[in-house]
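We call the chains A, B, C, D and E, going by the order they appear; numbering starts again at 1 in every chain.
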Amino acid sequence: MLAVDGLHAGYGALRILRGLDMRIERGEIVAVLGANGVGKTTLNNTLCGLIRPTGGAITWLGEPIAGARPERIVASGLIQVPEGRRIFPNLTVRENLELGSYRRARRNRDRNLERVLIWFPRLGERLRQQAGTLSGGEQQMLATGRGLMGEPQLLILDEPSLGLSPRMVDEMFGLIRRINAEGVTIVLVEQNVVQSLGIAHRAYVLENGVFALSGPAAQLVADPRLKQAYLGL
Amino acid sequence: RAQPKTVKIGLIHPMTGMFAYNGAQAFAGAKLAADEINERGGIRSLGGAKIELVVGDSQSKPEAAVAEVDKLSEAGVACFLGGYASGIGLTASQAAARQGVPFMSDTPVSDQITGRGLPGVFRFGPGFATITTAALDALVAINDAAGKPAKTVILVHEDGAFGSGMAKFLAAELPKRGFQVLDSIAHPTPTRDFTNIGLRLRAARPDIVMPSSYLNEYTLLARSIHQHRVPVKGIFSVIGGGASNFKFIREYNAAAQYIMDCNHWIDPNKPRSKRFVKALEERKVDLTYEVMLNYACMLLIADAIERAGSTDRAKISAAIASSTFEDHIMPYGPTKFVGGQNQGAQPATTQVQKMDIEVIWPQQFATAKAIFPIPQA
Amino acid sequence: MRLRSGQAGALFVLAAFFLLLPQFVTSSYWLGLWTLTLFYALLGQSWNLLGGYGGQVSFGHAVFFGTGAYVSAVLQVKFGFNAWAGAAVAVAAGGLVGAFLGAVSFRYGLRGSYFALVTLAFAEVFRVLVNSWELTGSGFGMLIPLRPGAAHLQFTDRTWFYYLILALLAAACALVWWIERSRFGAYLVAVRENEDAAQALGIDCFRVKVVAITLSGALASVAGVFYVQYFLFVDSHIGYGPAMSVNALLAPLIGGAGTLFGPLIGAVALGALSELTTLALGKTPGVNLLAFGVLLLVILRFLPNGLMGLFRGRA
Amino acid sequence: MLADPVFLLAVAFNGLTVGAIYALVALGLALIYGVLHIINFAHGSLLMLALYAAFFLFTLGGVDPYVAVLALAPGFFVFGYLLQRFVIAPISFGRDTNVLLVTLGLSIIFDNLALYLWTSTTRTINVPYAQTYVDIGVTAVALPRLVALGAALLVGVAFWLLMTRTDLGKAIRAVARERQGARIVGISVEHIFAVSFGLGTAVVALAACLLLPTFYVTPTVGYAFVLIAFTTVVLGGMGSFIGALLGGLLLGVVEAFSGVLLGESLGQIGIFLIFILVLLFRPTGFFGQRVA
Amino acid sequence: MAVLEAEGVSKRFGGLQAVAEASLRVEPGRITALIGPNGAGKTTLFAMISGFLRPDSGSIRFDGREITGLAAHRVCRLGLVRTFQIVQPFAGLTVRENIAVGGHLKEPDRGRALAAAAAIARQLGMEAMLDAPAQSLTVAGRKRLELARALATQPRLLLLDEVMAGLIPTEVSEIVAVIRAIRDAGVDILLIEHVMQAVMSLSDDVYVLNNGRIIAHGAPGEIAANGDVIEAYLGQGAAHARG
């Protein structure tokens, strides 16, 4: 479904990604792990067209999209829930969600809105509140809900559990499973290594601009290198 | 003797900015005069040297005007002409005085221009005091002739140096001449809307409205008075930007009808004036006071240079100061400068009658009789 | 922090250039242009202190400039003050207007474009007021009587005006240089970047901003005083009109806002630009300004960080 | 005079009709201002260009300004769109202060281009209905004034609906505060900027067509309206269209009354005093909202 | 005597009672944690304590001194400093300059404040980024910067709002050690955290906020076993221990 070959990207002279290769198959949950600042978010943003790659190819649904405009990429169903939420603080919760279907699935807006509100009842209580005044965790829910409003084929989640309470984290992971079960392919970037590997089919580990490790999640959990680097065990 | 081929005259006119129209008009007047002089052989005492006009755009700002004065005096101009607005005229003439170049003011009306005693600063036209006195004389005469129908007056004026100056003089003088000033309404330039002034005038019912504004505001004001059917016996403006502008009369004839204006104006009876008017028509230049004054000033300067027989600035300055130049188009007698101010200068009072601007006062220049009060249809 | 040798060298060359300039420039036109350029740089530096370092973008810097010009003019003309004394009061008045404006607008947390427009509105209020008030000469403006002599802050030899504005600008730059290296400067920049964070770190944002606007107002009124002594005339449009506000922000923005020499470099560049266009295209009115506008856009296109960006990019 | 209720009503109503034009100019500005966060210095110049366009359509093509609006509004939309997308955006690199300078540069260019092409002569048109009066009881109002008032109300409401009820409007508001987030949901930020600028310019064209029958055109005519439009925008509250509309109308009325009380010249102070008072007691304007 | 005492503090936003009659105490020498579900009102309570929001009712005392309604910068000068959950860097400044701003609270000299900034960065493992502009930091980097800046003010009491969010477990352990060291240096700490691994290992005292009310208070062990807390906050998943 998504193929990344020899991807290079960075900020000006700063090279962050140096030749990534990655394959995502339809229906998978793939975890991307890595220490702080290795470039996970950079990878996401490059996939979504927010950063122009300096080299390599991205093939999505059989088409090259490296360097394509973000709105085109979104329209084709590759959607991300970004790091730092990036919600619209001056719009109401409802309007934020509605804009989730700005490019896609506008027709199913009402139905999708209902679904999102079932998943995140807290948002339902706050539909008319200015999104900027939501608590940190609530904003995270909103960002996730907004991503779902576009009926993604591939949903990239950049640290969706950030700032959520343990109970909400559990619910979030449960939700990811459910969305996946409904046919949405998922790329999950997480610091919460144990739980992400718990739900992921496969995982990639990013180090020094390349994937140092990859493989089935179950296998990686037990990998001593991973344990040492991420869990400090 | 090696004679210079040209004599440079610096024109300090606002070619851009708020007063760009006035600057363009002023330039047209100076240009016409210079062309005529050059065609007739230039400055004879300098071996037929031609007059070369050098434009310094004041951009309607004093700083720019001063910079242009400096620049042009270094470029060797023999004399300056211009100023237009009082603020620009005051600063520009000062800079010229510092450089020792004579400065002829065209239209600034502030009496400070010559009142500061700067050497080499002249004004050919009349200032505030002269204009207002003349205006009052005319007003009284016209009113008396009609049997004194008008007793009350409202002044409407732009709030800069020129309009405020007029209004201040008039407000002080009108009561002495038997008129009651009901109100004095200042408005900014630009003013977006004159409806309120129209309403206020209609409510106050003055016999006479006396406006002093720039062209655009004048036009809006006249339209507003007309539209609100303010029941006035006469509109008598003092340096009204619009009343003596043919464009306004063509385009808003109904609103312009019977408006009187005491302003810089030519003596229409002089043969030279008739030639002047014709020449302007050929050049498709509106006949406005900026054109007239600049034309007249240019002739005066040329005459002074002719008499000085030199491009030396001090000599030209002296020649201007002692000028008795007569062959101009204005309704002035022979020129006589005292402290830089031409003593013979005086305005004319005109009135819009049908499609024409007629001079109605002073009597010796008049081309028509005043129609006052406004006939009620 | 001490100057690095490179900076010291540059500073020396700069100082030498400006100090010796009148030796080479004998044309009073050119000297006048340089004087005006330094005047714009001073005005720009005052804006830069508040807008560049403090991030409080003002569109109404004329309110300070005009206050300086008018107060010194009124004191001389109507109250018979000596020009120097009038100047001192005028500068204090400019600072006071700054403090007042800052106190009312910052107290209510006005920021960004709001603040910009409030300054603009204040300038307009002052403009209308001086234009209608007898004391300030109403529509006539204020004309300072000629009284040549250093005692009256009037110089027949304009070289002295040049040195005067040079000294004033140097003092303003020294002030900004000192601020850049002080705690106050660090606070000012912090307030520009993020007020919430600044507050959390113990910064009294309100005070910092009020001090900045007071200093900025005083500096701008120095420029106002200079203008009045140089041209001996001011009216409401010159003093409080939008043109001067635009002049105040143009030089630092073109040169590089929030940098010490940005305003000076910007003023020189703008002066050169307008001279060049007038020289090349001055014949038809407006065409030179048109070219000026186009070149302004070209500069922005290629130097988005202002001219100082050039130097920084290299360093 | 001031005790006469008919007079006062007439003044008030006149203020409303003048305020309508302010509101229209301000609506365009509010949109541009709300999205780009920056004062569009070229706004007055765009108004001037639109006035010239309407003027020449009338004098050369005999097209009535009220008909011309059908061509000029879309035309200026496209002009504004292209201007933002291919001039302002590439030159300013999205930096607020640079946008400011670019629009300043544009206004210098437009003003002097107009001066060069069309000279500084004041131009006016004469349409028969400019002299048509409608008696509304307290006063007779020139027909063009009434039309302008109606149009301002309509456009104000239309804008409000656009901004709150449509995706385009929500996208415009979203882009105003969170550009990265907007890209993430597939909003083309460049497009939205340009659309906002285009819409703002189109409204200016509309204002020009409504203004021309009772006003004049010169290369500097725009300045008469920009300052007041800025004031209106802030008074109404940033990004609020109902605010811009009501702000414009209020300013018209305040100006009318303070003009009557203090004289037109000093009366200008009335506008700015109201402005300052509002800012002091309601710093976000009438309808502005503050986001933490 | 408690360093910080909040008593019956309440805050309302429109129809929403964000904080209701909340009371808590921070004892000297101890690390106190404030936990609770998303939207419980933790950040709001922090904002009131640090002077960013004025409480509708209730009183807050710092070091025995009433600070209710005191402006934020004054509270800070008394030695009570907060960090922001939604990070607020001075984006255009470098990391060094960011930290120095905090240092200036006690150190007027620019040079010394910058030098002190470098020392603090070293302590937090940020020396590699000293000259990077703050806007190029990742979210985790910015969180660390928040902490560094707050520390630079040499506070008496530090309010940390989710400084560990987004860190990988090894990094969490590092920060935990840093916070302990800060405590050992005599700075008292009140922290909001969802990373239970940190809460459990760090804190001496835990308060649980739910719907604006304190629903439990006690040692970490007690809290983890509290049925209400599990229900409202930890969730059943917490039964299988994490971290």
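Couple of notes before you dig in:
In this section, a contact is a pair of C-beta atoms (placed from the backbone, for glycine too) under 8 Å apart; a residue touches a chain by one contact, two chains touch by 3 or more.
Treat the numbers as computed from the prediction; the structure is a model and nothing was measured.
The chains that touch both chain C and chain E are none; no such chain exists. Taking the mean Cα position of each chain as its centre, E sits at the greatest distance from chain D. With respect to chain C, maximal separation of chain centres occurs for A (centres as means of Cα atoms).
Separating the CA-averaged centres of chain A and chain D is a span of 43 Å.
Chain D and chain E, compared by their mean Cα positions, are separated by 48 Å. Chain B and chain E have CA centres that are 75 Å apart. Put simply, the C-alpha centre of chain B and that of chain D have 36 angstrom between them.
The residues of chain C that reach two or more other chains are 128, 131-132, 285-286, 289, listed in rising order. Residues of chain A found to touch two or more other chains are 133. Within chain E, not a single residue touches two or more of the remaining chains. Pairs of chains in mutual contact: A-D, A-E, B-C, B-D, C-D, C-E.
In the complex of the two chains, the chain C residues touching chain D come out as 57, 59, 104-105, 108-110, 112-114, 116-118, 120-122, 124-125, 128-129, 131-132, 242, 246, 249-250, 253-254, 257, 284-287, 289-290, 292-294, 296-297, 300-301, 304. Those residues of chain E lying in contact with chain C across their complex are 50, 52, 71-74, 76-77, 81-84, 88-93, 97, 100-102, 104-105, 108-111, 113, 149-150, 152-153. Residues 1, 181-183, 185-187, 189-190, 192-194, 196-205 of chain C touch chain E in their complex.
Residues 1, 4, 7, 10-11, 14-15, 17-18, 21, 112, 115, 119-122, 124, 126, 131, 133, 139, 142, 214-216, 218-221, 223-225, 228, 255-256, 259-260, 263-266, 268 of chain D touch chain B in their complex. Residue ranges on chain D touching chain A, taken from their complex, read 167, 170-171, 173-174, 176-178, 180-188, 239, 289, 291-292.
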